[in-house]
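Presented sequentially are two complexes of chain A, the first with chain B as partner and the second with chain C.
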Partner chain A sequence: MSIATGRAAGPSTSQAASRASGILGRVIAHRTDYLYVLPALIVMLVVIAFPIYYTIELSFFRTPPNLQMRDKIWTGLDNYVTVLRSPVFHEVTINTIIWTVASTLVAFLLGLGAALSLHREFVGRGVMRALLLIPYVVSAVAASYVWKWLYHSDFGVIGAIAVQLGLTSEPINFLDNRQTVLASLIVVNIWKEFSFAMVMLMAGLQTVPEQLLRAAQVDGASAWNRFWHVTFPHLRGVSMVTVLLLMVANFNSFIIPFVMTGGGPADASHIWITHIYQLAFGRQQWGVASAYAVILFIVMMTLGYFYVKALTRGDENRAGG
Partner chain B sequence: MAEVVLKDVMKNYGSLYAVNNVSFTVEHGEFVALVGPSGCGKTTTLNLVAGLIPMSGGDISIGNRIVNDLDPKDRDIAMVFQNYALYPNKSVFKNLAFPLQMRKLPKAEIEAKVMQAAKILDITHLLERRPRELSGGQQQRVALGRALVRDPAVFLMDEPLSNLDAKLRVAMRSEIKRFHHNLNATVIYVTHDQLEAVTMADKMAVMHGGVLQQYDSPANVFANPVNTFVASFVGSPAMSLIPLDVVGKGTDVALKSPEEGWELPLSAQNARKATASSQGTVVLGARHSTLKLHKSPVAGSVPGKVYTVEPTGDVTFAQVFVSGAVVNVSLEPTAPIAPDEEVFVEFDQQRLHLFDGQTTNALKAA
Partner chain C sequence: MTNSQGRAPRPARSTRRQAAGRAVAALVIASLLSSTAYAQSVDLSQWSPEYIRSIAGTEEFDTAGHCASVVPLDYEGRLTYWWTGPTEASPQIEHQINEEFWAAWAETYPNIETDAQNIDYNQLLDRLRTTLLGNAGPMVVRLQILGGVEFASKGYFQELAPEDIGYPTADFWPGAMKSVTWQGTTYGVPTNNETMALIWNADIFERAGLDPESPPATWDDLVAYSKQIHDELGISGYGLVARQNAGNTPFRFMPQLWAYGGGALDEAEENPTYETVQLNSEGAVAALQAAYDMYVRDKSVPTSALTNTQNENQAPFIAGQLAMMIAHPSEYAKMVDLAGLATGADKEIADTVVENMRYGLIPEGPERRAVVFGGSNMHFVQPDYVEGGFDEQAAKAFACFWNSPEWSTKLAWTGSNPGNLAGFKTQWMKERLDTIKFLDVTTSMLPSGIPFPVIPEATEIMNIIVPDMLQNALTERMSVEEAAADAAAKVESLLGGGL
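Entry: the complex of A and B
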């Protein structure tokens, strides 16, 4: 009610103000409205805007390990140059890309397979669904510790089974080997994430119109053709959202590599976030770590921008006509 | 084109019989409407013919071939669905081409057949559009086209007009009728709208509770309903039904209102029917056009009280309470009649219907 009265009270002043100074004028004209959202706005500024600003600021200075800001030294883009020239940066970037693409792709495909098999009715479907949901609901830290033991070179079940089956002569040292460590971590990540994709796609499958599938059946489409021509196009929207969410989560992964290997051996399993963490809180290189974070932020925002654009364009197409 | 024979067809889900012992024959080139209220088993019956759900018992043959265990695609049928079921991500052309593509026809042949179907249905200018860019009527025509390209033995249509607005429905009704006429196609058409069934079909199969009630031409179903359900379902407004007691013997038989005590003497023919009732009670049925209203009693009339008067333009319907039942009577638009008026309803002994009060089946002269 008071919003309406506020507007009605001064239409002439609001018009004059908006002509005078655009956005600011409109804010002043709607000052009561903005007063209502002010508390939320302040919280947002404190917890989101300030850390972003602080990180950007740090990235242009060399700051002592004790974070005494008055002793910081302006270095311009030096921190960025350091990052981009560092061989570790390239290794970590490649790791991050492999980690993100492989995890997202395989977790999505596994989730799709699981959702499709759970969509048809069979005995024990409820139990199966509950079992497949476990990875999603288990704490990531706990799961990481369990997997660490499964992979263990002396006590690990996986190594022992491989030996008993005669696949290897002695247990593979999954996590202490530069060649196997990243792949081993990706397996854990996929295990953790595929049930998220499964849940999303199961929800999507519920919305596929039964009549379309029946029409396709009468039209002579095989099970595969019904999937390819009806079900899959219908899942396009939910698939894009799922892939986007998985990609963002994977770019920002921290728990699994940090708990299981801490980025080792010899930086072989570092991805961006673990590496930034190590630079900042392990070596107190605040400036370099912040420069890393800013680069990551820019990459994420660019990716996100294009993805959201692609998503909404699809929606406009669907809504149009 | 082919004939379709259903013999003792059953479909049950546990103890619930969705389709119970349904048998009828659709002759080659015939348009048959499956009609009934929602939940009567008409769509289930259609899906059984299509092979989309497995039968619990009985036989279905299409063109002298038992198809009980055949997949939908091998039954030589095409289906048109209630909400069109067009593939939303494909153009109209690709929608029409899809069934042919699935049958792996050569590209040139697919194109020729699609163009031919598009020409018949006058949708050539829409071929590049997506379904969402079409109006409801256009979408329905594309759905018909997708059925048509296959040149199937039987067309199955599941309430194809119920998503359209009233005006378009009437227009599409005649288009589908024309479509059937031009192709000389065998059509099984499901609808809950008895008017659609009456206006379009050569024969109608009235279903209720999974059981086939009557299978005959619309004219015969209208003139000789086999029970009170069919009598009240077919025709608009519905046939009026009044439960009454049978009194008297031989040829001197009358119907007595258990509530109001009046008696309506019956003709000799009707008397023989009434005495055949199982428990001495009947349901008297009469269509609105066979009834007359009088301000004072005449021979063969019974008392009633006007409830509402509904002018519709060229005819006015009066609803009259007779022995606790509502009776529809059609009148001249200028008829001087008002609610709450005491009137007398005259029955036409030649055209009234008598049903058994117990079994609700139409009574035959004993």
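Entry: the complex of A and C
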């Protein structure tokens, strides 16, 4: 057994050693290239690595409102326990999941529909494409204020139209109601994001071979079958990237809920980022907010891993082949 | 300078007035020291609208001459200053006075290069906290009355008393001085102090079958009036404000809470200790119940109250869709401005509203009549936390100039009152009383003013916990009693060092 183990370990260790020397060798061989990227690396370390390190450090301290940051009190993992045990954390996490999943899926599906529609030639296609891109280019803050007034519970345009059409007897309460506020914000977010998905998928549609679609049509495949068996497989890569990017953006959303409701009423529209902001800047609970941020960071890194995997899948396949 | 959020570098040119300033200074200092500096300018025990009118315009002040005794007018230096100045929602006259102030400052101290930033009310505290962490704060900052103690307790502010800039402490409201005092040390100078009043639309009252000239005497009356207006006319009666993390909410709800006998802590008592939590007291629950009755039971206040700040009440008020609200004397000037901008049928409605606008005392409750003792204070940041170093002489010159009887009065023109009580004796105070409608009503509320608790946790209690309590009750996430108990538990925990 030990011999077998020894035999098995021998090549593995030598492979690891040769791999390490190989990496080092390649670094040395490409030292000039590393010099070129050094300034960028230093900037990255200052603006990304240090804040990450400081946030992690801060998450182990308590920061009472009467103490300066340098006088913070060591509490170990208490902040993580506080966050994970907090009922508000559970509510906010559920809100964040609903916000992210609903926004991502609907924005993706609407974007896909819009991309497929705009892929065909028709009169006014350019104008339509420009119009559909407007939500994406409008400032999120400006859009939030406009939507806030559209939704306004007393004087909103949408509520007034609903009353005039006889759909409701009084203006609809979109934003001042715990049951409707999150859905109302998700609609705004989808409106803002679907054109991003549309642009990505329109680019992806350019890669679908026209002759395959024609061949399928000649063979009598229905429109649905042509989409499902020819178009969609070619969109799989770009779809994966689009969905992941949308998910990351939605996990990190701040502007729309912050400007439109500030997380209210009664925390009903708080998502992770707005809640972290309130803990840090509203309540100066920097330690707890940092613990919260570290948890979010872990989630984001996990998503980031899948994003990179999706992006590099083709490269790995080629390297493996 | 007039743009909010704007930076305004001041020219550093040496020009004039220096010689004259020095010559006049000696004479003026002597007279100021004998008549003003070491004697209380006004008799607070006589405070009444009649007394205020009787002293207005009885004394003259030479601002430049006085400040020359603190810092020579030819001093060369640099100043950075943050404050919340006029915004889009401010009446035009406030923008005009703001411009006049900066012009006068540049003329009086031409060699002090000034970088002043006008920062939004709801952003200033966050921004200051962040920049102080990075040792990039301004030299001088003016904060809302509630904001300073947090920074003083953390050691960010320098000791600063009115005497340091040439004015006696006796010339400031005792309540205002309390708000700049932390553990027995003074960390600032009150720049302005105000109390709000109840505003109502007499025309709406009449149409709803109420006496158009009589505001609700008690908070119970206000709840009943609000319901009657809503039932009769289908519009909102009272402009409730309950947005989270916004100062407007406690400024309107705490007077109600105090009137019913409640409190966040014991700040409404004669000698508060700030150790007893009273958010779950009988009085606090009664006040919360009254707010619940208006929002949930009667639906007589704007549905949007949960996302509204006071600014969002202005449009429905000028459109005749809101009957009552609590606001500053500047609200009248704002409504006149808005009416001036209206056209066609809107203009007719707006003019009717302005004509029927009335100011009255904030209603009484079973325990007392109360109002938030509001205002702002000026502070000097500790040199270690100032970007580019602290220029003591420039900061003192500026604080002297801003807090002079002249500018303390002018800068508070429509929205507040001079922090320096000597301002009440100036010609400008007389002009204010002659030209600003209802100023005497809001000024009469000053003796009913209660300052927020002077503890570092005050901002979180008032801006987060109190609005959360309201939202929890008004959305029926919790019962009224549960919401009050939840808020009290949060304050207990916060004071005990927890979350």
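Points to keep in mind about this one:
In this section, the second predicted complex is superposed on the first by the 262 of 321 C-alpha atoms of A that agree within 3 Å, B and C clash if a C-alpha of one lies under 4 Å from a C-alpha of the other, contacts with A are read in each partner's own complex, and residues count from 1 in each chain.
The working rule: contacts are C-beta pairs under 8 Å (C-beta built on N, C-alpha and C of every residue); 3 or more make two chains touch, one makes a residue touch a chain.
Predicted, not measured: the structure shown is a model, and the values here were computed from it.
In the superposition on chain A, A:S139 contacts neither chain B nor chain C.
In the superposed pair of complexes, A:G220 makes contact with chain B only, with no contact to chain C.
Of the two partner chains placed by superposition, only chain B is touched by A:P233; chain C is not. Shared-chain residue A:Q206: touches no atom of chain B or chain C. Contacts of A:S169 after superposition on the shared chain: neither chain B nor chain C is touched. Contact comparison for chain A: of chain B and chain C, C touches the greater number of residues. Residue overlap on chain A between its contacts with chain B in one complex and with chain C in the other: absent. Chain A contributes residues 62, 64-69, 82, 86, 148, 152-155, 171, 173, 175-178, 260-268, 278, 281-285, 288 to its touches with chain C in the complex. Looking at the complex, you find that chain A touches chain B at residues 209, 211-212, 214-222, 225, 229-230, 233-234, 236, 318, 320-321. Contacts from chain B toward chain A in the complex involve residues 47, 50, 52, 71-73, 77-79, 81-83, 85, 87-90, 98-99, 102-103, 130, 132-133, 146, 150.
Across the complex, chain C meets chain A through its residues 126, 129-130, 133, 150, 153-156, 236, 243-246, 302-307, 315-316, 321, 456-457, 459-460, 463-464, 468, 471-472, 474-475, 477, 497, 499.
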